[in-house]
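After this come two complexes, each holding subunit A, first together with subunit B and then together with subunit C.
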Partner chain A sequence: MTVTSPLSAHLVSDQVFVIDQSRCIGCEACVQACEECGTHRGTSLIHLEFVDRTTSTQTAPQVCMHCQDPTCAEVCPADAIKQNEDGVVQSSLKPRCIGCSNCVLACPFGVPKYFALPDQMMKCDMCYDRSSAGLKPMCASVCPSQALWFGTPEEFAATRRGELLFEFRFGNQVVPTKVATVVDRADDGPLDVLGDPGGFRWQDDPFGLAGVV
Partner chain B sequence: MSSSTAATTRASASRRDRVDVRATAIGLVAVGVVLVGVYLGSGGLRWFDAALAGYLVGVLLAVFATVYRYLVWLQRPPTACLNRRGWQAFRARGRRGRNAVGLVGEVGTNLLAQGFIRRRSTTRWAAHQLVFWGCLLAAAVTFPLTFGWVHFRSVGQDGSHYRAYLFGVGSGTFDATSVVGFTIFHLLNIAAVLVIAGVAVFLYRRLRDPGALAVERSGDFLALAGLFAVSITGMFLTASSMWLDGQYYSFLNNLHALTVILGLLYIPFGKLFHIFQRPANIGVHFYKSAGAEGPQQQCRRCGEPFASALQIGDLEAVLPQLGFDYGDGAGGNYQETCPRCRRNLVTLAQSARVGGFG
Partner chain C sequence: MAELPVTEAELIDRFGPHLNVEPAGGWNAGIDFDREVETHCCFCGQQCGIKLKVKDDKVVGFEPWYDFPFNEGKLCPKGVKRYLQNESPDRLLDPMVRDPGAPGGFRAVSWDEALDRTVSEIQRIQQAYGKDAFALLSGVSLSNEKSYLIGKFARLGLQTANLDYNGRLCMVSAGAAGKRALGLDRAANPWSDIPLADVVMLVGCNVAECAPITTSYVWRARDRGAKLVVIDPRVTPIARTADLFLGVRPGTDSAVLGAMLHVIIENDWVDHEFVAAHTVGFDEVAQSVADHTPEWAAKLSGVPAERIVEAARLWGTSATGMLMHARGIEHHTKGVDNVTACINLGLATGKYGKPGCGVTTITGQGNGQGGREQGHKCDQLPGNRDITNPEHRAYIASVWQCAVDEIPGKGLTAQEIMNAIHDGEIKGLLSICFNPLVSLPETRFTEEALDRLEFYAAIDFFLSESAQHADVVLAGSLHEEDEGTATSSEGRVCKLNAAKAPPGNAWLDWEIVLDLARRLGRERYFPFRNTREMFDEMRVASHGGTADYYGITWEQIEAQHGVFWPCPEIGHPGTPRLFEGGRFYHPDGKAKFFPAPYRPSAEEVDDEYPIWLTTGRVISQYLSGTQTRRIGPLVEQYPEPLCEMHPRLAEQLGVVTGDVVRVTSRRGSMDLPARVVETIRPDTVFIPYHWPGRQAANQLTQRALDPISKIPEFKVSAVRIERTGEHREVHDKRVTTLHEERR
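After this line comes the complex of A and B, so read on.
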């Protein structure tokens, strides 16, 4: 059984944070902008890497998806990860984090980062200083391809293709999130991360000739 | 959320609502130990200062609540696991000597010198050190006084010399007007100045740093306000007796006692509870080194080692207790995927749902 929450549960300052990984061009503007975030100045927390450098130009960007029931917070032995009233999952509380890396290893999206020198974890907090005031997170403010996007659901519907999806499946575990990804049809269910990707890839038949030739 | 997760969340919520009998019992034992310590240390209450009885009540309540919360905290599945593993790693055969030496070093560099804070920010570290040593100094003075373990007696007839007694055993005599005497009688003022200086730096940062402001929680200010209130009302007492001929002393004394007792009660419930949680960081270090010496977990997708098999195994055991099931339905576990491959899998799955990337 999956619980589909109302769209309002996914908003911060009436806006929704959207990551469309397929649009990422790997320019690393987000990586630089992330360092400018007021809550972790000088440290970039976004992830961006090549999926498989030898065979593809595809890149994988990853921000915190702000799970409704955050695995990271649940596995934290020190209660150092807190979820705000609006559902944003904060970075570790500095006095509490004991640097065990449980969250780093348990997060299904691979988001938290462990830093050895201060001996603590830090993670994306949706630039809470900005998003809580209605401003775009740093990464979304610079992303040239709108792979990272922050705006109202109406703006999204008016300017973008695809539908917003807030649920992911990792094996048996369904993880509802605050941050959306984009799929052609949200009705097809949670994004099945371990499932057979299947579907039609335009690269397989870029000119639509499969049925013609 | 799966229904099983919801059920587990509800179950743990009802568990949280119940009074924990074992923690209550051990908390009461701790209170008893303090009371016995007070009785024996004060020579059967002979040296116990009745004027400080209110502080003792505050200490007893704080001891009970701190022990209670600590024990309940230790029951959370990931905390219980780490607690067990940390001690296992510490006591492991063949490593005990090295670990004991390491523990001394850890207490020095980590808990006392707090180098991990300095590596984050020197200002923050300086502020934390000021508050930390100020509080330790204050505790070292006030707790023995409150318990009747330390008391002073005047020597001679003119009241110029005093002798300090620890557990009724006299130490050297000192001149109240000398530098030594002045320092001893003003130890709490020195502590208060240290704490107030640290609080000022913390407050400056809290009020100025936009990032800190955004993620602030009310407890952050409450802790600073409490530390400031205890320090400043304590110094009021000195001001009253030194410069105001003792005016308002009785009122100020009650005011100070009230702030201290409220402060003591805040410790187990508020931000300052990290004082008791932080030592777990040392356990983490033993856990991590035990993990590093053992077999490593290889990623089920890329085959690279990415964490200790010990920790991944622990997570696979703890996650179901928290209501999560990352099993892949074929006997494997998604948790055995390295974080980098997780990110790649999410991206690949997403682009498949929009007809490929690009």
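After this line comes the complex of A and C, so read on.
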């Protein structure tokens, strides 16, 4: 079930899912569209959080990163979480899931959700019904700012700034993922999601209040 | 006699807003469907393409329309959930008359009874008080065809001069400034020019919430290395990562924009060749900003002088640039001046008519651009013609086959119509697609005015707060129930397709209007059998005007995925980018500079009302909320108005997030929870305006109008704020947590 390189873990097409948190406008189109997906209609599985609305409008969308070696599956006592041949980590198998929420607690990205009804963990499956048929996932289809993006790495390189990063580090655990995030240089490590606008740091004092009483 | 027939609670119980939370037939209904209909979103001027899924004559879901080039499948949450409006339990299914004895205060009647009553009241009022004592208020969520019909119906059916529309609250400042300076009122560019710009300046436009798809165009420019400059009193979501942010105090935009021009002139970043060849009036404008130094503007606006200089440098020295503005600078008593100041920046640096260059408004309403061009505005005839121009009148009379004198003159603007109703000069009103009780300033005044009408008929699909005051309600049609065209913020004419027929006994809007014309004995001017015949007459009526649609056919729109006007001949491809080669639309081909020096807003803060109030929108609601306050998932995102304030102000007031505050202006007062955020100026609070009654932000705003555009000054009021002692949790019910119950 392990995949050697995320880029070799092709769906039907060569497309990859990319999250660029810096572009998120917090509009919730992804949350609204997720529940329109045919396989879990009426239940939104994507996460969208305000980082700290008091200080910023920064929001963070989180789809499943589809880890190469999914922690959620590793901690599942019922072996209910499976990864398919395309490397997509799926919702728990209903007959096996015991609703223990180990996966909910263990996922480093906080992705799985436990639902009391139907007593089961459900999670983002990259809209497998769509992506396996050559369509973009719902959230990446509608995302107005394209913070959520779906396409080929070549398309990304040709049209967007930044590089794709498929690896995260949580303490000593290195987590290779199928879903990418965007950084200035992939060699430099994880993305600062608050972004660096360059030389003029107005964000430190948006309204020029320093020294004004 | 148009006060509420029963209590507000009884009205809400019967007519809503009730929340529609899932598709007709349940969540699994949309998985199988009979057909997909390619059409456009009804919420906002971006006119995103969308496919509506239909099963058993019900709209049960949507599918992204990847092939439509503007949005390529992208949608904001309003677009995603727009399909839920159709099966709303509040949908009006019958014509009704006011009846305090009926449940909810309205009784269903036959169309004959409703229309006869309406026509007899129109005739009674017009015989007693004159033709102009009966007014028509319309709106530009209507298609081009319906906008054209309404314009013609007001002039030749009702024979009143007093027709105006809710675009008066939207784009009239931009329209007036554009016509005056450039000879034309349309976005200067297709949005495909945005990615070609080296600098993008967003001036008073919260694109992330009000034109969300535009953010993807801005990012495409930034992916090429473009700089983003944002001028706004709030750090809006698109401002958060901007290269430069100018946190301007409400009402001081023209000081900042004038100072930018001052810096551009001082540093000689002027495109002298362009100015000499293609413009007139530069010297006078240069003189008018001679004293607009960055230091002076900084004192007024609160924007540090060095940021004004840096913004001017970025705009003045970049080879290409797009400046986009919206209601943030247009909802002012100097809305036309503010837009003019933007246009001056574009003309001075030659940023017009070239790839990646332009200064353009972002029209807000679904058909805000097209609706105003088809003769739907008190001062305009089809083709953006001037109702006071004898040649324009003569041409339209020839198309309409009426005597020139039959076309009334210029009427009152929307707020002036409401003022005249309040004054008793206008006695009767027909409204369609306009909810003035929520959207006009000074709610109490509007309510008083509606109660003074002798007769009020409303065409509506839901019983809006204004329609609750009507004597007759005519059940009309929703966007997805009719076929026609709409023109997007870009100037792209798009095709709207019907997903289903109106339910129950409701009629298509235009069927109602045609029947009224017939009963008024004016059917000879309204021979239309369908909206296509209206479009074809409209094309001819627009021909030779600046907004020339003559060459556009429905087939061409569908084949090309939209056609940009002007399109003066059949076979013409349309005109995506305006002003190419520096050719403007005045007779001499030149653009005109107009001075727009800073002047104060109508109301300034003082000891009694020490805090600035500015109003606007949130992503999940649209305009007066008649549609979006009925869509459950959208209501959950932002359930009630919140008063945004900076921690410095909150500390002075002793307020934390969730504390209910009383905000009071000279017009009125409202209680609402505070949301304490560092993303707004400390001297300013923000309240969104989508709600009615005691939740209406417009209880606080004022009826001060721009002298040219007659747009109300929604963006600047003086208020005082105090704690009420009440507290409640405020949260977005859609934001997920790690462990949640299934809804």
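Throughout what follows, the second predicted complex is superposed on the first by the 180 of 213 C-alpha atoms of A that agree within 3 Å, B and C clash if a C-alpha of one lies under 4 Å from a C-alpha of the other, contacts with A are read in each partner's own complex, and residues count from 1 in each chain.
Note that in this section contacts are C-beta pairs under 8 Å (C-beta built on N, C-alpha and C of every residue); 3 or more make two chains touch, one makes a residue touch a chain.
As the structure is a computational prediction, the values presented were derived from the model and not from experiment.
Student: On the A-aligned overlay, A:117 touches which partner chain: subunit B = first, subunit C = second, or both, or neither?
Tutor: both
Student: Which partner chains sit in contact with A:91 here, subunit B, subunit C, both or neither? Use first/second/both/neither.
Tutor: It touches subunit B, and subunit C stays clear.
Student: Of the partners subunit B and subunit C, which touch A:49 in the superposed model: first, second, both, neither?
Tutor: both
Student: When the two structures are overlaid on chain A, which partner does A:41 contact: first (subunit B), second (subunit C), both, or neither?
Tutor: Once the two structures are laid over each other on A, A:41 reaches both partners.
Student: One more residue to check, A:146. First (subunit B), second (subunit C), both or neither?
Tutor: second
Student: Does the superposition put A:22 against subunit B (first), subunit C (second), both, or neither?
Tutor: both
Student: Of subunit B and subunit C, which one touches more of subunit A's residues?
Tutor: For subunit A, the partner with the higher number of touched residues is B.
Student: Based on the superposed arrangement, let me know which partner A:208 touches: subunit B (first), subunit C (second), both, or neither?
Tutor: In the superposition, A:208 touches subunit C alone.
Student: So which positions on subunit A get touched by both subunit B and subunit C?
Tutor: The answer is residues 22-24, 38, 41, 47, 49, 57-59, 101, 104, 110, 117-118, 195, 197-198, 200, 202-203 of subunit A.
Student: In the complex, go through subunit B and note every residue touching subunit A.
Tutor: Of all residues in subunit B, those touching subunit A are 1-3, 5-6, 9, 73, 76, 78-79, 81-83, 116-117, 119-120, 209-215, 217, 271, 274, 277-278, 280-281, 283-284, 287-288, 307, 311-312, 315, 318-319, 322-329, 332-335, 338-358.
Student: With touch defined as at the start, can you tell me which subunit A residues reach subunit C in the complex?
Tutor: 22-29, 31-33, 35-36, 38, 41-44, 46-50, 53-59, 101, 104, 110, 113-118, 136, 138, 141-146, 159-161, 195, 197-198, 200, 202-203, 206-209
Student: Hey, which residues of subunit C end up touching subunit A in the complex?
Tutor: So the residues of subunit C touching subunit A come out as 22, 26-28, 30-31, 61-62, 64, 66, 73-77, 79-81, 208-209, 212-213, 215-216, 219-220, 222-223, 225, 235-238, 240-245, 247, 302-304, 307, 310, 619-620, 633-634, 637, 646-648, 657, 675-679, 681-682, 732, 734-736, 738-743.
Student: Under the stated contact criterion, what part of subunit A meets subunit B in this complex?
Tutor: It is residues 1-3, 20-24, 37-41, 47, 49, 51-52, 57-62, 68-69, 71, 74-79, 82, 90-91, 94-96, 98-102, 104-111, 117-120, 125, 128-130, 132, 162, 165, 168, 170-174, 176, 181-185, 188, 191-195, 197-204 of subunit A that touch subunit B.
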